[in-house]
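This is the structure I want to talk about, given as structure tokens.
Labels run A, B, C, D, E and F following the written order; every chain starts at residue 1.
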């Protein structure tokens, strides 16, 4: 279990952060190096791989024909799934999604959905009957902390890279035609997660820091600086002031990161 | 948050059920109503009807889940099939699994976990009827049930949602406001510690609106906290009467 | 595990019953106090809550459009499900239905089905194609013994309280209309369960008595005094005479209980 | 029990397969036919074809299921996908789970459970072809398989159904009679102890009809008991011959 | 656990085979006695029971109406399932199929499918819409070794015994008519499995031999002597020469066995 | 193998992607790329993109799976939902379960299992993009990952498919050749031991064709073995450089 660190190391991490420092030399508000590669899975309609330090997340998108939900007959359907595949960490077990992968998928989903990042009305083919269904599959390949930000970023990068099949309606049946159109994207929500360690807020915690943190707070910010989704996690708490500080910093960091996204 | 209608606040500034924007729904709490649980509570908040029960502290099964230096809290938030408009399958949905996690994490900060190493407590929540903001009502009830069970705690946890509909910041969203409004922010608070133990958000808010919404939700938490104390007091008094 | 009682207590229960007495003062043929509340879940098409002493069962019904079974194309569909939710007892575990909850659901189902309590032909909309499906969800909230009788009674009470949506058929499609009709009920089957303890038959055993019983026998009796369903349970046996005695007593007790049901 | 037809008993008072109302179907039993089980039996009753096997007594897995003062019996009643008209999914249905329970509870009263504390036996029943009253035939076969396995027992358990079709009380219902008749009463009996270990009923019967039906079923059990003894004797003889 | 044998016995088996002998007196290339019974399950569309020594396998087939796969719109569908039911061996557990039963089903499936044993085009009713679906359910009743050959043989014997319902198309709906046609069979693939023990190839290993074997190799051979499916199993290996020897012997043994199949 | 087309080999004898019949696709291997695994490897073979990781040797969980005299290898072959044309459900298919088994059995013969009694290693394979012969590429990568993890082995295992399309025996089938060809034979080899550890076949071949196909596959394995050694050497060199 290489991922469980000693108490001594935990203490060092906490003490350094109490003084505003991190063991890897970063400032509290610094992300690790971010690498974004798009389009690496040709079989997928869209794909992106994110490296956040050693954390590695691959997202692939698939588009299928399906039915709309009864309460949104004019809109395509977004489905986000996350797999914490066991090669990414000795703490991930094969099997059906657990609460961690379900929470991760739902956080990524909400960032996209609530920011109205996709113009889902353009995915409607026949109102109430046929729409495009977009599957966003988050595949965590290496877990070195801050899976939420890496996954959310990879999902948006993959969506920006996603091509939608052309189609025509012949005699009441939908036929796919050659050629593609880019997925109609309106926004690029960015999720920024804070770890609370030694009563400080730290961005982009890596694995060992996560083992020390009291709680985490994730905020998705849209292109206009609005907050569009929040998730608190962990068995600690935040003060109101910490929450407001986080909201402010999330806005700044999200702008920085958004610049790295090709659109 | 998928649609916008302009009818959630009327011309007088009142909501569909006649409430003012900063008004809670009627709340009723009962404590200690289940005979097999160590602690239990029932809450009605508007049309929400929710039961919470606490079992333990007890030995963990399976044993490898026990921790050498602290207790373990498990939590299950579950909806009855008839609690919502369309019958819900009784097997846990992804939403229920996520809510079970965030509810558990909203309760953990208040518990003296280290008092009972190697043990566990189970918090079971059953939503018998759902009408919006069920996770907040569930936390409110579960916290009272934990107190009823005698779990050693720093503070109660009181929870309340706030949000935005028709450009108005409102308190304690009911189902229609949750579905048709433009933002929903559930919050849980340890009232004597200024400690926010649950914070989620769906929708779109500016930084300013967000600050307002959180403030309103925290006011709601304080009011609910007063009711929690009242419910526990009533219970304590009635138990005492029985014992005498 | 507050629900497991001591051997001493077990002996006391058995010895008292051997003398025709019960520790809570009831006669062998006495039920605990029965409270029936109907219509308490507004979201459900019908609902009822039964208190049998401290045993508490909530039943909610939902009605949906669906397809009939191929062998009964002119009849609506009845589906009974029972959840032994873990807050009702420390012996109930979260998870998929086990043999106890499946047996409970099937006993409740048979009482309703075999007595032909519901006029299922009136639930048919288009023969072979569209019918109403009634879901009866039995929710055990507190287990203090005799879940079978409490659940069966709550189910019938909820059905008597159930409203069926109005509908019309327009251009081959079923449309729900405003307004409701009561569910077409013909019978009110009542299930009476006997516990065999110290070679005596006891009705409405509470939790501690159930831990002492050798076997149980449940009989559903319809409004005309006919037997319409039976289930023996437990690892003991009954003599033929005990069975015939039970049938006779079940008829009497069911009449008493049926009077409590508003129709 | 959903439909009534008037053709299950003909003018001569005979049933679809030519039987008289109180007549059993042809029954064939074989004992000890599976080489890996401690005990086994095969029964054909009309078109029913059923195998039962017993494994144990053996250590329980998982261990926490063991009981300190008695053995544990587990039982699985399972139907082959091709045993019925429409292919049945191999995963256990709710009906199979219920029948596994009532069959187990019909076998338990006869076993000296206290002879082998902390152990368990598994009873596996496979319905290869089903034609009504399979639970009774399963109990009959399982009881013989338990005897074959040397499980210490007070008595055998013999099971038989009776019921009502076309206003006639009949013995040993086959599939059509079960589906189209007006009542079905499966019964299991420890023949030397006047002990009814299985009793179920579907349908509608008056008190008087019920008494008659149970009596007829018990007569059926006694006849089947004779065949069980015969089958075990044949097995014993043939085993002895092999040994000599 | 009567099925686990002692190390002494294992040594005896291995030493005998090293000398070209088997403890039950067979030659290395001998099968145990094979008994084939067809048509024993009247409820099934086809059935067969195979006894291979004490190994006993029952296969039943069912035919239902269904949809073709999109990539083979003119062909019926073959579905093979295998159940290692727990009465067959103390090593089989009740529950969903494990890797052994899935592998067994897939080996049986491939033998039939790859040899094109069934003329699946004749199972097509309406191209792209309605076809016959054949379910082949392999039921292992007693495990005394070599389940693969017994199951594959039982499956083919059951298919040869399978009757297909007659039908007509009236007003666009498929109606079954009285009467049956035999399933259109073209080939009778036979699977021959070799166990490698003491560096020798042995056919039709029984249970105790299987506990000693290093690896197994199964080859399905069609009526023309072609190889149509292979599966290596077990944690040992084969040399190329062993593989070629096996292919030759499989051809011979399959001809012998095929003669026992009534067609 | 369901359809035959005549276009898989063109008039010049070349395949759809321009390869000669006995030509491998371009192969790229990287070793040691995952930081949490004890060993890992990435392979691209044509459009196949596959990751393999090895964890262990470590104590077995659950403990009853451990063996007193040897280690246990567990293996999971899994495809990403987006790796194939139609989205694949993430829950393991029957095909994935079978392949996990045969891949494990192709790796076991090379491991000194008795060196680490009572322990286990996990081999996890994720197919990120699939283009035919994924099981062979998976074995190739997994074997390298095991070497990277320092698992004691007699030999590497190199795997390659051969098959028949349009009456031509070809090496290293890609997806279209697998689907439309007339036979597919995946083979795994311990190159220094003349030991075939995987052999499967789908399709129809005469004895002669089969012999040819196996020979060609074995030649492929030898070429791939050379690349495996090269990849490990590069890794070793680069690790050494870092260390210096």
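Note that contacts are C-beta pairs under 8 Å (C-beta built on N, C-alpha and C of every residue); 3 or more make two chains touch, one makes a residue touch a chain.
Computed from a predicted structure; not experimentally measured.
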Common contacts of subunit B and subunit C? none
What's the overlap between the neighbours of subunit B and those of subunit F? A
In terms of residue-numbered contact pairs, which of A-F, A-B or E-F coincides with B-C for over half of them? A-F
For subunit F, which other chain has the most distant CA centre? C
Nearest whole angstrom, what separates the Cα centre of subunit C from the Cα centre of subunit F? 58
Need the CA-centroid distance for the pair subunit A / subunit E, whole Å please. 48
Geometric centre distance via CA averages, subunit E-subunit D, whole Å: 32
Would you please write down the residue numbers of subunit B that are in contact with two or more other chains? none
Among the residues of subunit C, which are close enough to touch at least two other chains? 97
If each protein chain is taken as a node and each touching pair as an edge, is the resulting graph a line, ring, star, complete or other? ring
Ring chains in order, subunit A leading off, subunit B next? A, B, C, D, E, F
Subunit D - residues contacting subunit C, complex: 1-3, 94-95, 97-98, 100-102, 105, 108-109, 185, 190, 193-207, 210-211, 214, 218
Which stretch or stretches of subunit D touch subunit E in the complex? 34-37, 40, 47, 49, 51-53, 55, 76, 78, 80-87, 90-91, 122, 124-126, 128-131
Subunit E residues touching subunit D - in the complex, by the definition given at the top: 2-3, 40-44, 47, 54, 58, 60-62, 64, 81, 83, 85-90, 94, 96-97, 135, 137, 139, 141-144
Over in the complex, which subunit C residues touch subunit D? Could you list them? 71-72, 75, 97, 99, 102-103, 105-106, 110, 113-116, 215, 217, 222, 225-240, 243-244, 247-248, 251
